[in-house]
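Paired with chain B in one complex and with chain C in the other, chain A is shared by the two complexes that follow.
The block that comes next holds the complex of A and B.
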């Protein structure tokens, strides 16, 4: 039996509130992306000095009259041309690396993403689990220890913690490598490569995890405090559910919404937001690449990094948004 | 008799000890040597490396030039001999017939003529060929380079700096289109094995057929590290530039620590086209107001020296020792400032790394009644403002002061971006012109002396200090400081000649 499409389907489909909300959300994100790209484009070109300034400031060199990879003019028409170029996949060639911008970015991006994802995953997991456990035994030893630790790590400047760990585990106890992402020239995709990369990852990962976990811990801990006093928890207890089930399945779920929002926001920062840890550990990453590209006025590379970073931020926010709608029906109903 | 036997035994032991000492018994042969650095400097080939000293240095391991410099001055490299013919304005170079590219092909005069033509077509930022008309290969291993006019810095700027390109690889292609694997083929002592931009790592292997001698390090690496001192302590690297303050610690740990001038100067640039800085008296007041000794003490912690008012440091063979030495004298500054009853407040631009020096100078000026606001900005932004003349005072530095005194032309009145742009003194202008054309070193010395003297008197900018550079290494390689710096004045001791046992 063949199904026929009702005459009114198209009309209903178009007027469906879910679709309207979806289109509105998506439209908002596209607009935000456009706005970010425009700002990036204009601000980069407003920076005083260009590649020729950077080369010309070295007394031993002569800046060529027209340096390849220069930024070009800044106007609305030029922005349109730039967007067209981007869409066609013509991202230009980095002046410093003399290679296509995308190739350069993709040489650095995996390092940032691996470090960022693993740290974020560990920090959020640690924060959530400690928060739930500490709230279950308020004022117990775990609560005190975790809260104290969170306050300490939150108030420590990131680079200081990095240097402390470096001195402790790389100099005094030489357990981990001092810097870099992997021992140079280890054949890629081999077992020694992965093992060596993991050893190099350990300290930057630990630093980031320790720095990020307090936020998740305090959010969860505070949320759990409120949730555990809610009537539905009383009901659950009255039903005779085990304490662990009550904490994790009922109270924690209620607490998870702001935590996930935070994860979404931090995910957006993974591409370019890890500069300090990349500098302290000389870890290859897009953050340092972006920083040095600005210093060198390698504008086309900067354009590329900011574009990828902007798309990434928007995508991560969208993902967090969708996840929230799925987890919390109130968000879905509010159409937010 | 006993005496003879005793003396004989003594002589025997002396000869034995000398012959069995490591230097004789075992020629320097190092399997692996790693030099640490904080940055990556780009692919080590002409056109590809970042156009700064460390980038050139890495490239120079792979590519040779016509001549080179050691601790005493120019030495043969690809060219075994050279001569200048003043009447015809030509330099003739006889090439070493044993020189081979890394792919086995011979290096010929055609490669040199090709390099000059190619670099004229595709300007390479490191080399200025505006004084070269062209080159002719008169024999397989003899090349004649024609100048457009006498050009005194030719040997250092061109013959001693221009990497020779293999014609068979670069012909018919552009720097943008060339195959990167082939672009790394040179004729230098090291063969480029690998480069990893993400890790900032370079791997070079000794060239077994190097025409000038035996390369004593089998595997040479440059490696980006976060902290060279930590990396040395862990023995991850064998040599690096380190902060001078770490010198004592590293010496205690057994490292050879050497300090040397950087041939770099920090200057207070004065916009002498603006009032009141256009008045010599005001500029002199500024000079008397600054306590440059205190600046060295507080900013450099003593690891540096007060700069000569003629710009060239005492370690330069062109330094004029008879310049006026002006010490800080606030009373004299106040006296000079009486002619300017109400000087307007001035702005001092300073990159973040010089903010301490800027604050010190602000205090010094405040002491004599000159009001200064310090504006700390990003360095390239300041450079752009200096280029446009949009500043009162600015802190800016440059290197290259150890090499050819052509540098004075560039930094005093030339088209160098951070030039003092001082063209108001006709005598100075004439001398600067002569500085480039005087082929007789004695005559040139006099010219350079006078240029320094005029600079010291006119004060178009105030040279503040020369910082020291400290290098620590494990002592296995006899690194040395190149006279006037590598190429056009790169101050590092990592001269490739230290790694070669030359053929007699």
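The block that comes next holds the complex of A and C.
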């Protein structure tokens, strides 16, 4: 590994102008979405138990025909029809909630968004700051502590860390509630509502933050090691700049790019992390909803969740790409 | 620098000792476990005693024996998944790195794979095919190959740009020769790092799926133990039930992480 530019951009035959690469990236995302839609369509119609087997035999006798929406998976026209419906926003009705799928998802989504963004922000901030500070004094106490912490938390899966924190802070020291998002029947949008929601948020947030920070920490720490040895740092030192300015404005900026790319990628992992952590804490987010709707064979709702999260991941990757292009002039110059 | 490399290699030995020790415990499970973990050998929820060192679970089975056999399952699955997915990744990565045409197609496929939230797909499929161990291994491997494949490809691309490859090409080396003589040997660190990451991910996700209750509940695994144990959190038996399982998963993965960190050492930039 000689340099920091990802090998993608140094490859010899990737020398087409930025525009071409831009459209190609976009094309990739479109293809990805198409693939997801198709997978979505096929997989969900392959599931063995349908609504009728779950609801019971009574419905079977009353309506023995196929469940609504389960067209044959081989029919291309049916797939086209499905695409059209998705585009029009007609995602079907959840049989469990008796409400349109999109409505149900948007009811659960805010909880997950708050949890996800707050923990991602905390994790990346913590990881970057710790990484920069630890690299400043290599082998110091902070470096040892942070690296040790990162290795420990990398070795704990989300559900396990969640359960351990739950035992620690809800059972041994009953500081935080065991489960849920907010105490029932608290009037919405009032001050007690927010305070109570925050109390419920604390443990899932802590779990996700601790889970995600090692990745940012290790990336930043490793990158800083390299960039602090680069000539421009020597120049900055020679100019007599303060250590903090050198670390954050010069060295960290050079390191930030792979870290930010990783933030985009982790958005996808976030969905996975959310499922486990939300299930452990019975938090009323999309993760719990996904898990429960699979158990209830609520096919259309599951369909919708998968689609929403796939679109989400694609959008976040795209955002990371665009951000990278803005931040790093080398990406444009290399034509890559 | 010397101090640092010393510390890293110490981490490596700790990791190797942990991973090796747990592997040994898993291999020797039938001889080490005091009971058959499927047999009911006590009352439900017995606290730890001389007869049952970690007590019994909700069905009256010996938790210590479950722990040994559970480790066996985790290790088998994670090793198989890591090997299978890295093999797949190697083929795809080389194809993409060597042929520009294959590269365009494969990279788009990889992009598509990476933008699907794997766990959700996994939950879906696991409902469709009731999951036994071989199916789990195949399915996990199918979901785990894209990321290392991409890393293998970028490594090949940067090897291609090296002067010595250009020199070899100048002497008339064929793509096949370059692949076996230059590209594959340069892949060793990437392959090893990928393998370790896959191991870690496989332990996590296998136990996670069992914890969510979507894999075969009759298979003794750390995940199924967590699944049942977490339903009785309020009984206070977590100390002898959840903590040992947590320690098992944690120490196993800690071993892999330490080895990985030590090997990656200077270039933490890759896959952390």
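Keep this in mind: the second predicted complex is superposed on the first by the 283 of 336 C-alpha atoms of A that agree within 3 Å, B and C clash if a C-alpha of one lies under 4 Å from a C-alpha of the other, contacts with A are read in each partner's own complex, and residues count from 1 in each chain.
Operating definition for what follows: contacts are C-beta pairs under 8 Å (C-beta built on N, C-alpha and C of every residue); 3 or more make two chains touch, one makes a residue touch a chain.
Source: prediction; values computed, not measured.
In the superposition on chain A, A:152 makes contact with chain C only, not with chain B. For chain A, the partner touching the most residues, choosing from chain B and chain C, is C. When the shared chain is aligned, chain C comes close enough to touch A:164, but chain B does not. Once the two complexes are laid over each other on the shared chain, residue contacts for A:132 go to neither chain B nor chain C. In the superposition on chain A, A:97 makes contact with chain B only, while chain C stays out of contact range. Using the contact criterion defined above for the overlaid structures, shared-chain residue A:174 touches chain B, although it does not reach chain C.
When both complexes are overlaid on chain A, the residue A:32 reaches chain C alone and has no touch with chain B.
Touch criterion met: A:184 reaches chain B, while chain C stays clear of it. In the superposed pair of complexes, A:282 makes contact with chain B only, with no contact to chain C. In the superposition on the C-alpha atoms of chain A, the part of chain A touched by chain B in one complex and by chain C in the other spans residues 47-49, 166-167, 171, 279-280, 297. By the touch rule above, chain B contacts chain A in their complex via residues 38-39, 42-43, 47-48, 50-53, 56, 123, 125-128, 175-176, 180, 193-194, 196-201, 203, 221, 223-227, 230-231, 233-234, 236, 378-381, 383-385, 387, 398-400, 407, 410-411, 416-418, 487-490.
Contact residues of chain A toward chain B in the complex are 47-50, 53-64, 68, 93, 96-99, 104, 107-108, 111, 166-167, 170-171, 174, 177-182, 184-185, 279-282, 284, 292, 295-297.
Residue ranges of chain C in contact with chain A, taken from their complex: 3-4, 7, 100, 107-109, 111-112, 114-121, 123-125, 127-128, 154-155, 157-158, 160-161, 200, 203-204, 207-208, 211-212, 214, 226, 230, 233-234, 238, 242, 246, 249-250, 253-254, 256-258, 261, 266-270, 272.
Across the complex, chain C is touched by residues 1-2, 4, 6-8, 10-13, 27-29, 31-33, 35-36, 39, 43-44, 46-49, 138-139, 151-152, 154-160, 163-164, 166-167, 171, 214-215, 218-219, 221-223, 225-226, 258, 265, 268, 271-272, 275-276, 279-280, 290-291, 294, 297, 302, 305-306, 309-310, 313-314, 317 of chain A.
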